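Read from first to last, the chains carry the letters A, B, C and D; within each, the first residue is number 1.
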Amino acid sequence: MFYVSIKLLVAGGTIDKQYDELTGNVIFAQTHIPELLTQARCTAPVTIETVFLKDSLDMTLEDRQALYIQANLAQEDKILITHGTDTMGETARYLGERHLQKTIVLLGAMIPYCFKQSDSLFNLGFALASVQCLPHGVYVAMNGQVFTWDNVVKNKLKGVFERG
Amino acid sequence: MFYVSIKLLVAGGTIDKQYDELTGNVIFAQTHIPELLTQARCTAPVTIETVFLKDSLDMTLEDRQALYIQANLAQEDKILITHGTDTMGETARYLGERHLQKTIVLLGAMIPYCFKQSDSLFNLGFALASVQCLPHGVYVAMNGQVFTWDNVVKNKLKGVFERG
Amino acid sequence: MFYVSIKLLVAGGTIDKQYDELTGNVIFAQTHIPELLTQARCTAPVTIETVFLKDSLDMTLEDRQALYIQANLAQEDKILITHGTDTMGETARYLGERHLQKTIVLLGAMIPYCFKQSDSLFNLGFALASVQCLPHGVYVAMNGQVFTWDNVVKNKLKGVFERG
Amino acid sequence: MFYVSIKLLVAGGTIDKQYDELTGNVIFAQTHIPELLTQARCTAPVTIETVFLKDSLDMTLEDRQALYIQANLAQEDKILITHGTDTMGETARYLGERHLQKTIVLLGAMIPYCFKQSDSLFNLGFALASVQCLPHGVYVAMNGQVFTWDNVVKNKLKGVFERG
């Protein structure tokens, strides 16, 4: 009953940041999601599509529209979106207000996958189960908890998501 | 609605294996689950209890009874069990046939947490969402999929769980 | 014959960069050198002193003077300096022209210690052997090679050190 | 003056141990030394030759003869040998008593490269500098120190090498 196709839309965010040796900064080059799924030994049918790779502070209304369009166009009714944490709540709200008949789960990370102490793998696992189990709606899955789109805020001081 | 207490029973398995420098083998010394939850930045209320640390090939009927008793005694109705993969199906069946009015999710790993390429964090995240979302019953959560206790088998050649 | 005290002067550089969750950038907070030496299981007598933590592009003449003064003041005649790679050659030249009767070895990294793929541990090991074995003089130890202060340049396109 | 060819003879030992998912034990499958040199961004000319992959407790006189023969046959006069720590001292003595006109440095690790907390990269860096700098002779390079073949013993309780 759980073996259903899942679409994973890549929107960037901390998960995919990597170190640029030329500049000494963290940048986006390509998504690492396929590596994460390999390390996870995931056999669930996940199709990955990179919509864009952005710091979520740089996301525009057009970017959110693009995510909505891709989620809507997808054959699958189970949609994961990897996304920066800073405006994850805004994107969740944007999508939630459009009431797609799909289960959409947004996830991100506080530490990039390339770092030893990354929370990426945990968060991807957590979101992948959430998207398979939850009813239609839009959710944020972070810190080992599921939040509905209309009741979530990032506590920027603590670096964790909370209800509110 | 998802903010509920979870009991995590530690039974050992690959997740918790570590390298013993004296003998050059992998052994059990103590559970690493608290470290995983810290790396995960998990804020869900998880209470950890080590029942035992065993290779699941060494588990006895008494061990399975002990897990049943602890699951039953627990205040929480959401129970995670970290467990070796080799006999995870047997323990799931043992627990499933007892029809506790709880959601019990078993998880494990193919590569210990101490290894760079471990699937532990992903699997813990996946199971933690599963236990919060699923109805009462006993499940195996591995490879990014949820299996019911009466329909799961480990394919030992491929090292993955399948229906059957 | 090799058991001699070594002074390690920390000047920052890529080794010590870490991820800042608040800003999403890499920053300096504190040196990770003690962690590296612990992971290395080093029993050689190394005394660590943080002179400053800087990107080497931000280093001034005063910073180089400070390193010279600390190297000169040190009881030890074997001095390691962890340093950013971009101006490591300049600092090596500055120190080399002052002809201290000491063995001074500069080292750095292309990828911070906090990243999975870091070259930091290798470079620290390489430099620690170099400083114990080499005669008085100033050297850059990078890429598994020792360079003298008057014959080293960073090839910024390739990200490696070369003679020249 | 330091840019000289180096032969690295692989004899196994902890560095190259990896996790076997089928048995749950650590085993030898293939050497990881090329991966280490890539992570190290080493540009020194190192030629790798796998002589065998063994736990050093299983090494025989024939194995030590094979290492001697390969060291002798090598064009290079700078020889690294990756080796298990338990009998590294015996192999060093065997080679040292044969007085080859070469610099031979043995190295190993307490924790395999596949583990997060491995000392392998540090030890390889340390040994690679040692073999380039030291005069002819046979040495053990471990714990950030160089030991001569006739004055080294592994303290098995502490898991470190000492003079004696």
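Operating definition for what follows: a contact is a pair of C-beta atoms (placed from the backbone, for glycine too) under 8 Å apart; a residue touches a chain by one contact, two chains touch by 3 or more.
Everything numeric in this text was worked out from a predicted model, so none of it was measured.
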item	value
Furthest chain, CA centroid comparison against chain B	C
Geometric centre distance via CA averages, chain C-chain A, whole Å	39
Rounded Å distance between chain A and chain B, as computed from the means of their C-alpha atoms	25
Between chain D and chain A, distance of the C-alpha-averaged centres to the nearest whole Å	44
Residues of chain C whose C-beta touches two or more other chains	110, 116-117, 159
All pairs of touching chains, each written as two labels joined by a dash	A-B, A-C, B-D, C-D
Contacting residues of chain B [partner chain A, same complex]	2-3, 36-37, 39-44, 46, 110, 117-119, 121-130, 132-134, 141, 143-147, 159-161, 163
Residue ranges of chain A in contact with chain C within the complex	14, 17, 19, 21-22, 24-26, 55, 86, 110-112, 114-117, 156, 159
